[in-house]
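Below are structures written as structure tokens.
The following pair of complexes shares a single chain, subunit A, combined with subunit B in the former and subunit C in the latter.
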Partner chain A sequence: MMTARQEAFRTAYRAQIAALYDGIVHVALIFLIGGAALWYCVQNIHAPTWLELLVIPIVVIFANVFEWFLHAQVMHRPRPGFMGIYKRHTLAHHQFFTEHEPFHDTTKDYRIVFFPPYAEIAFLVMASAMAYGVSLVWSTNAALILVASAAGMYMNYEFFHWCCHVRDDRIIKHIPFVNTIRRHHIAHHDTAIMMSRNMNLTYPFADWLFGTSDVQRGLLGTLLNGYETRFVRKDLPKVRSSADVTRPAVPAE
Partner chain B sequence: MKVYEGERGLSGAVVTVDGEPLPPKSEVKVFSKMGFEWTYVGPGPRQLALALLSDHLGDDAKALALSEPFMTAVVAHLDNAWRMDGAEIDAALAAL
Partner chain C sequence: MPITVRDLKPGIKPPPRQRNIASLVGGFVIAFGCFVLWLLVASQIVGGRPSAAIIAAGAAFAIAVGVWIRLADL
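This part shows the complex of A and B:
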């Protein structure tokens, strides 16, 4: 159920979206850029060795930890030089979407679901810089596999995040990993834990590794938890002194 | 009795006392140059704890001494939008 405060925020946020903004074009740009990078790299990889193919799981794990770190330490903390990311995420995305009403209504709302395309370009430039180093000390194949994997992980992130905020879950709830991250991320939108828990957006590997998941399970159980709530920790904090009138606030001590 | 309110929104993480901006009390101690924050343990919440207690108690030294436990017990659990009056702060301090 949406609170009056959340409804007011949504109205104010939507009012400042540029009239020319088109959510479908936004999403198309993201997947066009990522798809083009992936396609270019794959086209230029020739007879990779098994060792070179090992770059794929390394990038997947590195991207997972990077996503966790960026979310926990930049998107949810005011840091000099990165205030734009914090404002867009903590002060906007988390006010627009709450654990009570985490779903978007129209494609105009994609403005606050997906990162702007320049974030993807920045990510690919960082990956390319690392890949250049890899090409110098190892091989062009390994470098291309690195960039292709990074592009794939970025699109994976955006797709999974959209799956968390789309209302209709008739299909999604049956897909392993996707159903896990959907429950995991909607729980993260609870203000009481949003600054400290469930920071992964793809696979909750780093949350398991660093003990920041809201579920207490082993690695496989955490990754394949789905919608299961039996393993949610009993010691999670609650908010207090809420001014959000419909929220059951903890009374002041 | 004074009323303290905080809200995260498009204009930032804003905290007021009786409708006016709450002074950060940087002259007492700078924990954060990035303004107030809450719902976690860190520099922004620490600055907010100091500012709230300093305004409420009118005693900067006492506010500074109590800011760390007050942050952990109260500020680290505040909602996106929150409201407290002086009586609630007194009750929270008594429970520390």
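This part shows the complex of A and C:
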């Protein structure tokens, strides 16, 4: 159920979205850029060795820890030079979506669900810089696999995040990993734990590794937890927003 | 630039909409990125250096995307 505060924020936020913004174009750009980078890299990989293919799981794990770090230390912490990211995430995204009402209504709301497409360009440039180093000391195949994997992980991130904020879960709730991250991320939108728990957006591996998951399970249990709430820690902090408390007209006896 | 929760104060109207500097810088970044990707994909498809028409189309596409990012204030 949506609180009055959240409803007011949503109304004000939507009123500020530029008229020329289009959610479908936004999403199309993200997947067009990521898809083009992925396709180009794959086209130029020739007879990769098993050792070169090992770059894929390394990138997946590195990207997972990077996503965790960025979310915990930049998106939820006001760092000089990165205030725009903090404002956009903690002060806007987390006000628009709460654990009580975490779903978007229209494609205009994609403005606050997805990262701006230039974040993807920045991510691909970082991956390309690393890949250039890899190509110098190792092989071009490994470098291309690195960039392709990074592009894939970025699109994976955006898709999973959308799955967390879409209302209709008739299909999603049956898909392993997707159902896990959906419960995991919606729980993260609880203001009581948003600064400290459930920082992963793809697979809660780094949350398990660093002990920041809200569930107390082994690695496989954490990754495949789904909607299960039996394993949620009992010692999580709880807050009650005084702004939304409706005071009774007549004091209770 | 869309607001944050700090701009919402009881009884006070939110500030008027103005474009964020991020969408200006981002517009240039994405235009450059799109143009490079366009050239890479085109060279892969044609199997060599793309023609001037293809390069011009890529430039037009990249500029259009960059301008849209700014106008949409992303």
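Simple rule for what comes next: the second predicted complex is superposed on the first by the 243 of 253 C-alpha atoms of A that agree within 3 Å, B and C clash if a C-alpha of one lies under 4 Å from a C-alpha of the other, contacts with A are read in each partner's own complex, and residues count from 1 in each chain.
Heads up, the rule we're going with is that a contact is a pair of C-beta atoms (placed from the backbone, for glycine too) under 8 Å apart; a residue touches a chain by one contact, two chains touch by 3 or more.
Treat the numbers as computed from the prediction; the structure is a model and nothing was measured.
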First, second, both or neither for A:191, with subunit B first and subunit C second: first
Identify the partner contact of A:238: answer first if only subunit B is touched, second if only subunit C is, both if each is, neither if none is. first
For A:4, decide between first (touching subunit B), second (touching subunit C), both and neither. neither
So, A:91: does it touch subunit B (first), subunit C (second), both, or neither? both
Contacts of A:12 with subunit B and subunit C, given as first, second, both or neither: both
Quick check on the superposed pair: does A:77 touch subunit B, subunit C, both, or neither? Answer first, second, both or neither. first
Who does A:58 touch here: subunit B (first), subunit C (second), both, or neither? neither
Looking at the overlay, does A:39 come into contact with subunit B only (first), subunit C only (second), both, or neither? second
Of the residues on subunit A, which ones does subunit B touch that subunit C also touches? 9, 12-13, 16, 87, 91-92, 95
What residues on subunit A touch subunit B, complex-wise? 5, 9, 12-13, 16, 76-80, 83, 87, 90-92, 94-95, 191-192, 194-196, 237-244, 247, 249-250, 252-253
In the complex, subunit C touches subunit A at residues 1-8, 14, 17, 19-20, 22-23, 25-27, 29-30, 32-34, 37-38, 40-41, 44, 65, 68-69, 71-74
For the complex, give me every residue of subunit A touching subunit C. 8-9, 12-13, 15-18, 20-22, 25-26, 29, 33, 36-37, 39-40, 43-44, 84, 87-88, 91-92, 95, 111-112, 116-118, 121-122, 124-125
Tell me, which parts of subunit B touch subunit A in their complex? 5, 7-10, 12-13, 32-35, 37, 39-40, 42, 44, 73-74, 76-84, 88, 91-92, 95
